């Protein structure tokens, strides 16, 4: 009987805790930026890269004297676990933290619902990793994307197959996520249009480690190229290891999610010679080198696939705030549209939709390194 | 506590710590560059100090040295208990309801979001409570019905533009049908076989949602679902949605309460306690078990439809096994078969990870540990139902 | 290559059969732990998948450390296998003592949830100590194999099947021929009576956990070696499949776990090979439900006393 | 029995409970070496609980249990057989999926002396020749009488000093019951002290030297067996006259 009291007490405590969260004191003027990425769950590795990229950007900005008018820049990172519900909760939490911009998320299925929540409060969202066309196609005014789009990546990959690798037959495998399947479908359609025979388009499930059944099919089909569209670099490595062990001789090609040092670290010899499409990052450019040295010094590991994009997204926002002199979303948007800066990943320029263009480059793994091989914009080999 | 007992306690504590060190060190200390001890001992140090402090506290408390805190506290709680006992039940429930109604007026967005989650889970928990708590059927795939409800509304809204209020009962019915489909072949099974089969069904539903491109749009999920409307006015603010789900939750609570104390509820409990005996007494166990599945699924269907309307997006990620396990955890942790118990369980398991958000990476670690700890401290749940588990109480 | 379709189909089938046996062997080893623990205390040990993951991690940690000490790769592997099995045994005993033993008299759902909490705890513990990135196994040890036309059998596959068979035979001897095995069977049948004839049931339960976790650790290392990497969340999916395998074979039954593991492995591989990769798990679960519908206590029958409380 | 001999087993004011319900409300009894003592009483009087409390399956809340003068309240159940205290519980509780031979081996689980075990096994097979025939069969496939024999044989394999027997006659045909009681006397004559719990008071009292009568958790009467047999109250209440 006394327990009903406990229920009331628990409700009251919760009310207090939750209201307490909302009423933080405003000491000085602080630029508050949120990050959202999967910090737990199967995509924690990529999520970690995104958070670290943003942290480095803030550090670099502070070293350069910060943003005028703001005493400090604070980063609030939230975990989405690549789950739409948690992503929306994270977005609401960040709104409560009074952030004015969010860098994230990773999975398109998290980015899309959380962007709707953020849009209600006119908070700027810059995604460093969600490549689904739907992210910027919904007409949200404050949605920006620093990475490329799937519907640009697929044609680039197929163009490479047709023009450079001289592929006649193709086998496609994806792992059934919004991103990996969308891209694989895009490649399938573009390849058929380009006259490449798609022998089969098969799927594996997330969380699987055993791909032997599908790979036996690949071996029996004996394609010229084996296109691997997976959500995660480690699963990509597992795929190539098992494929090589089975004696598949096709050329392997992956996409930007498997483009990660992990692919080489785990895949070792099996990954040698594999191609990957990834937004061109000029690793010799001073901007990237600067980023790399900072990253290594602060994060104490190698940057991942999306670290540089996350860095650039955060940087772009801070630069826009600097130029606008305020965090007023309309003014920031105007400044973001005017922005043209040399980032770690590329020259960041946003178009009307909020996209920043894609400049997919095909990389090849050679001697345990990603080496630029072919540029989709110019059609030239490096 | 005698010195001998205390010695024994400290001894087992020491053995435990050494054991912990043996388990921890290989994970932290062995690297290809060589063996390393500093990091391990740092972590171990924190844990050891924490454990020793807890032990000391426990001993002091056992020795009665903390009575100066405990006694007044106890006196206050006894006093409040007396006030509670003389206050009529409806006033207390009224206070709870008033608090729930006033809640969004004094809180921010984030609080609304969390409390909407709490209310959704209350519907889910109470629904599962019918299956697990009342009828005693272990169900590890319960979240499938939630998914069916969510997709029902999503598809109805997308293809036919039907309103939320019309779809809410439809979602309940489709979920109930799904419940019967799942229930039918499983009724022959008992105990843990039921568990794995329901788990299998849950996974099948999730995989179908993820793979049937034509119907569900696969992993991309369904976007652009309409928010609920009232007289043509769209409820697009979070606090408005809060009242919608509050209404659904109150309806669920009332319905489950009525069911609990009805003939059907008693029949379910009879099945839970002794199925053979119930059958001999003329209870149609087959039909009633099916009904339990269907009723449980219906409430999950309602919750699912609301979830789709609230997120304006449904994707298969939201209906994984872990989610089923979570709802089950809420029911068992709160106390099976007891409505306030389930509500407390939901509050604990939704609020905890939110409170722990500050721990960031340690969040789920702490969560898992606390879950085990709570089960160890209160194996029958926070607020066990009076009619459940008498046998286990006797064994105390 | 496309000339002799018939032979391609035959070879394709044989290759899939080999794939299925390998995968089934892995599931069987994990399922054994479930089945043994279930047999003795009727608990679905959700944390079992985490022992598997921990074993995989200890394997890679030890192999790379031992290799850096200049040991022969095979010696590294053997030593790492033994040590990881020991490590997971200790881990399982600690978990049992801490999270399950105090709940011996409580309702089975309470223990189930305690196990679930432990599973979450251990998974995140692994994540925090080992990081979120996958850890790659040294692939040099595992390369090579035989090839006949389209059919290829790697040494690793032979190793997995061989090790599974050896461990199974060893386990059968342990359970059916030794004193401790008799005590285990007696405890699983009647705990009170076992105490009355002088068996310390707590110790026997602890040993059962240790053996089950040891087998899971062996499976973890084999998975790491065969597939190439381990990560902290790897225990979950095979855990569920192995649990299904244990139930399919008849939970509590050692031979049943083997048969169940092989069936689940085969169904998955053949469904992916002949029907569709994304629906393979659906087929695995449908087979499970179908079998249980017609044989409600698994293929080999349940090995649990009906008189238990 | 003279008071100067120390009892081999003694209960002093033992209280035990299932949760809040007290099953034994302060039982005191003495068992002297070499005798057969019977505990009789109606259903639910606490007879089986007494035996379970002696073996620490149910822990005594109050009072002392002394075995050979030593307090054994805190000694774990699984240690007691090695001290010579062995129980055949109600319903026999043989291991149904262990063979007869394995069941007998379980009785000698804590023993290491192979030669003596073999000797005891022979003795058991002499007492129960049926078991020798069926030694490869699973325990669960035996008939009720055979199961009772197996349970007693298993207990003898631990070479007990004190044997606690709980309702050995339950569910058996009269002829078998007689046989079982003959064997109990035989075991006793070989030097094993026997505590016999029975509902069949007539048979039990004929077999035993002394008896205790339990009613709702308390000892209401204790006396020599033949005196109890002739006690009119007892005859009325338990012997159906």
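A, B, C and D label the chains in the order they appear, each numbered from 1.
Quick note on the criterion: a residue touches a chain if its C-beta (ideal position, glycine included) is under 8 Å from a C-beta of that chain, and two chains touch if they have at least 3 such contacts.
Predicted model only: the values in this text are computed from it and were never measured.
*Asks:* Going by the touch criterion at the top, tell me which pair is linked by more C-beta contacts: C-D or A-C.
*Replies:* Taking the two pairs in turn, the one with more contacts turns out to be A-C.
*Asks:* Based on mean C-alpha positions, I'd like to know which chain lies farthest from chain B.
*Replies:* D
*Asks:* From the C-alpha centre of chain C to that of chain D, how far is it in Å?
*Replies:* Their C-alpha centroids are separated by 44 Å.
*Asks:* Report the inter-centroid distance (CA atoms only) between chain A and chain C in whole Å.
*Replies:* 35
*Asks:* Report the inter-chain centroid distance for chain B and chain C in whole angstrom, where each centroid is the mean of the CA atoms.
*Replies:* Each chain's C-alpha centroid was found; their separation is 29 Å.
*Asks:* When the C-alpha atoms of chain A and chain B are each averaged to a single point, how far apart are the two points in Å?
*Replies:* About 33 Å separates the centre of chain A from that of chain B.
*Asks:* What are the residues of chain B that contact at least two other chains?
*Replies:* 207, 210-211, 361, 364, 395
*Asks:* Check each residue of chain C and list the ones that touch at least two other chains.
*Replies:* 124, 127, 278, 281
*Asks:* Which part of chain D faces chain C closely enough to touch in the complex?
*Replies:* Checking each residue of chain D against chain C gives 55, 57, 76-82, 86-87, 89, 93-98, 102, 105-107, 109-110, 154, 158.
*Asks:* Going by the contact rule at the top, pick out the chain B residues touching chain A in the complex.
*Replies:* For this pair, the touching residues of chain B are 77, 80-81, 84-85, 92, 95-96, 99-100, 103, 106-115, 117, 207, 210-211, 218-221, 223, 236, 238, 307, 311-315, 317-318, 340, 343-344, 347-348, 351, 354-355, 357, 360-361, 363-364, 382-383.
*Asks:* Write out the stretch or stretches of chain A touching chain B in their complex.
*Replies:* It is residues 1-8, 10-12, 14-15, 17-19, 21-22, 39-40, 77-79, 82-85, 88-89, 92-93, 95-96, 109, 112-113, 116, 120-121, 132, 134, 176-178, 181-182, 203, 205 of chain A that touch chain B.
*Asks:* Looking at the complex, which residues from chain C come into contact with chain D?
*Replies:* Residue list for chain C touching chain D: 179, 182-183, 185-186, 189-190, 192-201, 303, 305.
*Asks:* Which residues of chain C touch chain B in the complex?
*Replies:* Checking each residue of chain C against chain B gives 38, 42, 44, 46, 57-58, 61-62, 64-65, 67-68, 87, 90-91, 94, 98-99, 102-103, 105-107, 109-114, 116-130, 240, 243-244, 247, 251, 278-279, 281-282, 285-286, 288-289, 292-293, 296-298.
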